[in-house]
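Here it is, the structure, as structure tokens.
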């Protein structure tokens, strides 16, 4: 067994980060906190792409492109999310997600 | 596009034309719908002519056939990976049903000439519904069949919920829920057939070449039969029918009782009996008992009804029982009778509901005891009503007799898988309905049309021209089938042979395919 | 136990573990910090560590992008969001115990499932990393603008459209409705 | 090909039923809306032509097969109408044999006279054209029934007869009593038809099964159908069915059908009520046509009935009982048409028991029955038409509001008297010969109970007929209307005169030479002269009636008071109607129909509603999971994804 980082190490790392992100998404009360947790998720997903690209048996570059796309999408998402937070804050004076419960029948 | 596809494309195209009509032109909408359906009537006549030209009606090949022979087939691969194809065609039974539907929708459009609330949406939905019905009758791919089936069933919810009367939301919901539940059963059955055939195809003809294991047939047959039985008003799954029919607007009742309920019998025959002959053998007696209850129970329940529509709905329960009863006699005579009964009940009940709508439009009541002596002011409607009533009690010379005599004879002739004595006893019980039917039909009609004319009805008028045309067509159809049945029997006989011949096959015979 | 003592590898390994530990701790802070601003700072740390990882994986260009866009753009954006919706010092109410437990359960369940899943899976990869393109930035650029087979020009355009749409959308959503009439008047 | 190949009437025998049918269509659809008068004329002419054709046919037939020779059944025209299966086809056609000729002649003849009579009788009535349409339909149905070469055609027209009689009885559809009478007629006969249908199904299916196994019997053509009378009456078939034990049940079932149409006890209740129709209709239904359909059916299937024996005996006793029962009731009724209706029941009873006492070897009863059918058609039609003329004149049915009409209506009086004498069995009128033959046949076959009933009823018949004759035509006028009464118009009296002439002379026909089973003619020969007691019985009945009703009306009142409760029971027709009402309304409607309707609404439908309710309750419960918080949803989603992944992993690996 080797301590030098192999595929599995990398994957475990990204999975841990992803799990932490999940925890955050599920528990943060502040909407901005939720957004940050989502960024963690996206980050670890991008990392996974790069990891697989790195360890692929053939020279690929598609993983890197996907990571790029993820970063771009994350940026777009952050912009929209911020706009939404501002709009919600303006109308409800809070961004506490436990207070925002109109999503039910 | 082939001839058969036009059968359902035409109403659909008419529906689109209706939707695209500019708002505020209700007259235009009706004219388009009428033009579309009359065109369809002509198309059906042409297709029938073509069909009669190409189809073989006699000969040993027809008599010994084991696989339904289709004519005017169109077959195009669709989702090849799933074994789904666009597969439409005609055999005698579908031809017969197409004729029925074409007549009923034409008269239905005429009968809804007085619709004033959102006519555009009404006619569009009606036409979409009917294109689904045509699709079911011509499709020979299980997937396509189911697709069209859903298209036919779903608009009913809106049609009753929006244009209905009385507790319409309740009825619409109940009807839709029960039919959806039955669709689920049908879907389960179809998927089981798809899986069980091992051929990875929804092609009905291909599946029919497979001999399913007995155990498989024993559970799939009741699933299919009950699934289709719900829409065919099989006891005790019939209760959507009285509520639904009484709440629905006239044309919808006509179509629903006249055509949609036939999908049940048609499916039970085409899918249940044809694909699962051994399942049918094992379950025949059970379902025969159930349908006997249907027949008698519907008739007795009709006696007690005060509302004309409820009354007709229960009589439909009784008559649709005959359809299913005929199917499970598992012999040539009975199955032919079931098909004719589908047709005759379709026409008869469309006539009934059409007339009820017309009478209701005038008297503003459907309670029989509130009426009386109406024959004096509306003789045309009275005559048509009497003819419909007489057809429903199986008077010779009208279509009902041809069907019922076939079914009773079928029940008496019996088959080799069920106990003959039990079958005969059940048949005798079923025949008792002809008396009960006479009782309720005559009581109902006497209350409505005979007796002293009430003061408030003295100013009412007889049928208008459109109403005369629509009822006239239906009456003439009833009489033609009743007096010259041989054309129609020839039409369906060739299609029934394979269904019956397959019943006699032993497991080793299946190797021929 | 055979521990290779290749100096390059050793540096590599140490860097990996250091960064991993940092990023995990920082990520934990992101999700648990009561002060939302502190969380934002921790997020920046995680993302910077991420850039470090990319360098370790030989994707210098992506690491640069990560730093520029993520740390430089998104984190700033988030800080702005924090400031627009609450004061920097505001303290978040801790989540309820049940929610915490559920969240913990869910994340651990995911972790366990994922780890078991890929430890059971035999990836068709060589343990030794394959020959990478010499210049990642160049390769990425070519691939992105390549309209032949395997080219990404269409997604690239779509992404640009998405960014544009999100910018416009953000403006529309966040615009103060009270000013709406004035805006349309001019 | 056969002796009648060159006969126009034979080759075109299908016209006999078809003419009234065409006229029905033409009059009903085209003429009726235009002109009432023309409708009546066309309808009458069509039936008269049919009558002419059938008499021509009878003439040709009996020329080809003269008296005493064998009278074969020939099919003049047929085509395959409905084919259920091989050997189970319905070949609609026209069967010409002595029985069908007899009925064709009787039906068309009486019907055309009724048509003619109706032109006058119905004048000015609302629905004049409609009336003739119905009459045509009825005549067509009846003719289709009697010419049927197979039992399913018989059934088909049997039903049509039921419907057209329903329409005719309910002609005055705004009158509640007419409506309920028509309903009753239809439903009671339909109830009987149910048994007929089951009987037909039974014998047809047995025949079909036998023929699909062994092929058609050698004596018959290969394509013979199990419905064909030629098949059903062949002796081999009867033996086969008897061996299966199915002959007697099937024949009894068919007999119940016949009893329904012929209004035999206990299915007789519709017939007296059927008097609600216009009077000529009563003449048509009661005299010649609908009610003798049952007699015709038993006669048509005489061979299998005789082979069964038991079935025939049942028929005999039911007939005899009805004969007596109806005669007793007839003595007490006040409505002239009701008396005639009960007298019809009684006379039909004669015909049926005459058939019942006959057997394959002793066929006198068969001939006698049909002879009586023949004569009865004339004098009963005459009685009804005469009664119609009276009612037309005085506008009441109650005999106690009449009296002294002899002077006002001389033609009606004479013709009515002739008919009364004929039905009472007084020589030389027609009834004497036929009734004499019936009683002789019962005596000759040693059915002494039936014989005694026949003899007794002959007396009762004479009594009640003279009762109404005396009360109606003799004595003093008992109401204003009588004074204003005058003789009926020509169209009404001509039929009366024709019928009176026939009632007087029809008995002299050597009937047995023409209509009989096989070649031998049934004739009461030698032995004890039965006609003496029969005639005596009739004469004593007349004498009693004269004693009670002529002149002194106190005697009849005293008699009714003396009889007290018995009289009341008889007057109320033995409460049979009430029993039926009880059974239908109280038992069927209340204890079968209402509970089923309730069960359907509450239990079956309730089950569906319960499912819906449970779904909604379940939805309400589960909707609590829906908190509106995105995080909760996400939690479920994440865990769901994980669960799905785990499940896939478990099941796939």
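In order of appearance the chains are A, B, C and D, and numbering begins at 1 in each one.
Assume a residue touches a chain if its C-beta (ideal position, glycine included) is under 8 Å from a C-beta of that chain, and two chains touch if they have at least 3 such contacts.
Computed from a predicted model, the values in this text were never measured in an experiment.
Taking the mean of each chain's C-alpha atoms, the chain closest to the overall C-alpha centroid is B.
The interface holding more C-beta pairs in contact, when B-D is weighed against C-D, is B-D. Put simply, the C-alpha centre of chain B and that of chain D have 36 angstrom between them. Here the CA centre of chain C is 97 Å from the CA centre of chain D. In terms of their C-alpha centroids, the spacing between chain A and chain C amounts to 6 Å.
Averaging Cα coordinates per chain places chain B and chain C 62 Å apart. Shared contact sites, meaning residues of chain D that touch two or more other chains, fall at 631, 635, 638.
For chain B, no residue reaches two or more other chains under the stated contact definition.
In chain A, 22, 26-27, 98 are the positions where the chain touches two or more neighbouring chains simultaneously. Under the contact rule defined at the top, the touching pairs of chains are A-C, A-D, B-D, C-D.
The part of chain A that touches chain C in the complex is made up of residues 1-13, 15-24, 26-33, 35-37, 39-40, 43, 46-47, 50-52, 54-62, 64-65, 67-69, 71-87, 89-90, 95-96, 98.
Those residues of chain D that touch chain C in the shared complex are 631, 635, 638-639, 642, 645-646, 649. Touching chain B in their complex are the following residues of chain D: 80-85, 88, 152, 155-157, 159-160, 163, 166, 170, 173-174, 176, 179-180, 183, 186-187, 190-191, 193-194, 197-198, 201-202, 204-205, 208-209, 589, 592-594, 596-597, 600, 604-605, 607-609, 612.
Taken in their complex, chain D has these residues touching chain A: 623, 626-631, 633-635, 638. Within the complex formed with chain D, the chain C residues making contact are 99, 102-103, 105-106, 109-110, 113, 117.
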